[in-house]
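All remarks here apply to the structure that follows.
Lettered A, B, C, D and E in written order, each chain numbered from 1.
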């Protein structure tokens, strides 16, 4: 991908090198059950089977996969998560859902557009230091070659995390977040070494929950209204609370994190999704 | 529950040990009375009886209980509060309500998802100090064993508060809240001893109102858009004002509390709820 | 009322003693005129008469009174203000309005729940000083007796202001407000003597407008989303602007006041309200 | 008008003397074209003629005048601006619009209530200085007489600006604004001499655009959710951008101005308004 | 255009000279597919062809051009971007869309009104310095002549950028933004030389992406609720993320930029737009 270029600047305020993988679209819907109930049960079953079949067909495809979740609370009844090879594919997934008969009974409440992202803070700091030591100036062809080589190496090494499957856990927790750019506390003004240290400590907390929760971070700068989307997948929802509460005391969250709305849901297999629709009347 | 692990860090910025119990869902609805009025009175009575019966069946169950409240003002006509053994059970409660005929006439205005929580500030400070004195480092197996033992002991001791019944008082006051993470005033950057002192003083105010109000705190970090939900139950609503106003001058609230919207309601027994619906035409 | 207890703390950060009286509910509605116009004129007149009669019956009752206002601008067409003996009575008033046929054509846009409140800053400072001089510690039985006596004395003296009638002026101005709890400017961290001084100066401005405007302050901590509701009643609406603009330069407002939305309306007698409805087609 | 009293305080934090004139109501509407299209063309023409005639009748009356604007963008299709002798007259204008058949097809999106205002900063500073020099204390009868005399003199001198016509320019730009009351930057805490200087410099920018733009400031403290409404009228909309952008660097705006939403529209003569409605099907 | 006047002030807080060109309107719509599905397929095809033809006719006109984009996520289904010679022409474009049959099935979700703008920071600083050196005072006829000459020269030189075509790239990213006017960080209080340096560094980042992305900045001070609108056009959407993320570390963005909502879309040719509508049933 041509866009996978490295930033030209290094120095204290440098952006970290980042890698992008899977394109992600979260779609949240309220289901207009009153409308569905006006249909006879046969028609409703047809509509239910149609979306169930559509989801089954999207669960594992060449260009990605999709999953459905039943959301707790009023924010949505249904969340669809689409992982795809690119935005073109996401647009197609969106169009496929919009073309289903159920679309007449879905009211979109929100959505989120992002790309799976890995921020290479450690590699960036190491590389920038080495280049500085070697007297290679930022933006020169030599500098660029070194950066491209580092990106390539990491892209291969981290391919599985850049192009993940949707984890097969029962619960999901999704929320968007920003790094603060306050008048006094400003993440984007910290030296990269400081940011690297904070991200490292932050990551250590997550690591201790590794067996219990699968975390997928996606970047949304330029795509949606927050800077990152976070998806946590677990079999016990309490782990969401434990992990995020512990992180809140971590310096990087305590001082610099801003959180958007939280969505907690339970995985729906295609037949469960169909049953939810068919049985609502 | 596997997720009930202790945080690995101690030291000044340590998270307090917390215990979680009952899973809680608040559902706020506006009732579409104009729609109900289009039905004949017999049909309306049927629908009213159906939700009345459903609530009666939910009042006391193996896996929890539910209560209904009539809300004052425009934010909702009806608030349902579900206390359950877990999120799976909450999802079922939500589905049961959605499956009632009245669902066609309910417009969800908001909701809140949380778990009853007890923050063990005093025990945490005592324990962390003892472990420090004994030279036991955070995160070591010994440290973990000591923490797990403390959690277990408190979980047993506090079982009744972790798995409470919905208090049988006439009035409820529900609101969500955060601890401030301002650029200058940041709860999550205070030393744990300071937070413990503030929580202690805060608790002393509540204690003086003990006979008049029953308070249930639930944690919602990772579940909903604020960090905690607070439910107050009393027979005289003035006590809500007196208690919360007095607390506002308390250092912990004055400096660090951020409050969401307030919901004040009057308890509806199942037959009162049914009557409200049946009589609306 | 059992809840009318005094706070136990004195000292610089003490809450002032407060007295509560009338329970207040503001209800704002948009009128669905298009729906009313689909009815024939006879039916509309019936509906109009029904709400006119209801308002007439609520104007002066054992347990309080209600008034109607036509609101200027898009925020509402109609504001109903209910003054009642307690929340139970407010709930009944709300139910009575909801039971009218016009309810099918009313869309609630907002509401406000509060209790008429008098903050006894001067008396509190005097009393706390005397008790300190006499060496009587906060929270002791002696302290409590002195406080209760002061409350009782003031409650009797101020009964007319605690249980006011809705003033018979042509214009109303309603708005909710908070005292700021900023990171640097925090009302709830000021010494009580300082707050008393600021409230005194603030009150002096109001006093100069005494003949022109009647002000009723109600407290809503624990009841609604702001801390106070302010109702101003005047025969000339310009006085609202003059009074509030002048107060904005007053230290207590300039530094510590946060204002919610403003509602300005014109009093509707029951027959005027009925005429508004009947003539809308 | 009795309410046109002067503030009693002078000194550094004094409010400036202000004069009020025309009462102003801005009404923004979206037009439900889909509904109008369901009518036959004859009926639509009738409805169009009715609102066209109403506007023609309101263009120049004893008690004021009204104008219609077609708004660019989604915020509204139609903005009506009513200039009247008082709020009673505004209420009547509002009722007249609500009584038109088109009302069934108008969805109010927002509105703004205010009074044309002139802040007498220069006169106030001069007067307060003279009174201080003469040893006349604020609030004394002598002080009051001097203030009333100054108000009377200015009210006569500025009558044309207090009771303006709606300028006959092709474009309008309307927006509400506040003066900042931040924790560090607080307009209402500046000495009046400093505010006078800032307002003077601010005014000098406007003066240079005098030929190109007509500005009408109305005060809304106590009436609506911002402190002032600003209406700019020009034949070339670029002048709005030039003027406001230049002012943004001016100290008074740069440090103290907070801006609400902007509405830009094109004047509609009564027959153009009618044509817009009639032709929409 | 008469309004293209220069600001009269120079000195540290001077506004930069700016040039304005094309008038721009972004219109975002949700498509009411459920309504379109109620039509028979022939009628739907007619409606689809009508908007397709309208767009084809707007793609290249004497007075500007328009483009359609399919938006990813729930914020809109369709974004129309109109570039025109002036606001009068934009109003006509808006009216043309409103007159289409599809208008019955379009729900406007938001919009943005602006003018293509080039801020002449470098030229302004150079000119102001030269004038200062020559002792020519701001606002004098000589000063004005020099400024007008500079504007004229730049207007001719930059005509292609002031009156751009809509770039023929597959992806668009649109977002509005402000420069911060915080209590401590205030763009509008920086000396012009400092702002010039920040804008220069900011521009250097963009320049490195020149081949991959086409950027059009439009100014909206006085026209809409943010100060600028930014349109990025690219063939690979990842470039939006890379560019904006890198810029976020740049001093001018890190300290002074505030961002509104982001809209990402895929270009729809007229026949693709028609197909989208026709096939939705």
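Simple rule for what comes next: a residue touches a chain if its C-beta (ideal position, glycine included) is under 8 Å from a C-beta of that chain, and two chains touch if they have at least 3 such contacts.
Source: prediction; values computed, not measured.
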Touching both subunit A and subunit D (chains): E
Between subunit A and subunit E, centroid-to-centroid distance (C-alpha), Å: 29
Computed distance of Cα centres, subunit D from subunit B, in Å: 47
Multi-partner residues of subunit C (each touching 2 or more other chains): 183-184
Arrangement of touching chains [line / ring / star / complete / other]: ring
Contacting residues of subunit A [partner subunit E, same complex]: 1-5, 7-9, 13-15, 18, 20, 25, 27-28, 86-88, 90-91, 94, 98-99, 103-104, 108-113, 115, 181, 183-184, 186, 188-189, 219-225
Interface residues, subunit B side, partner subunit C - complex: 33-34, 37, 70, 72-75, 171, 173, 182-185, 205, 208, 212, 232, 234, 236-246, 248-251, 253-255, 261-262, 264, 266, 279-280
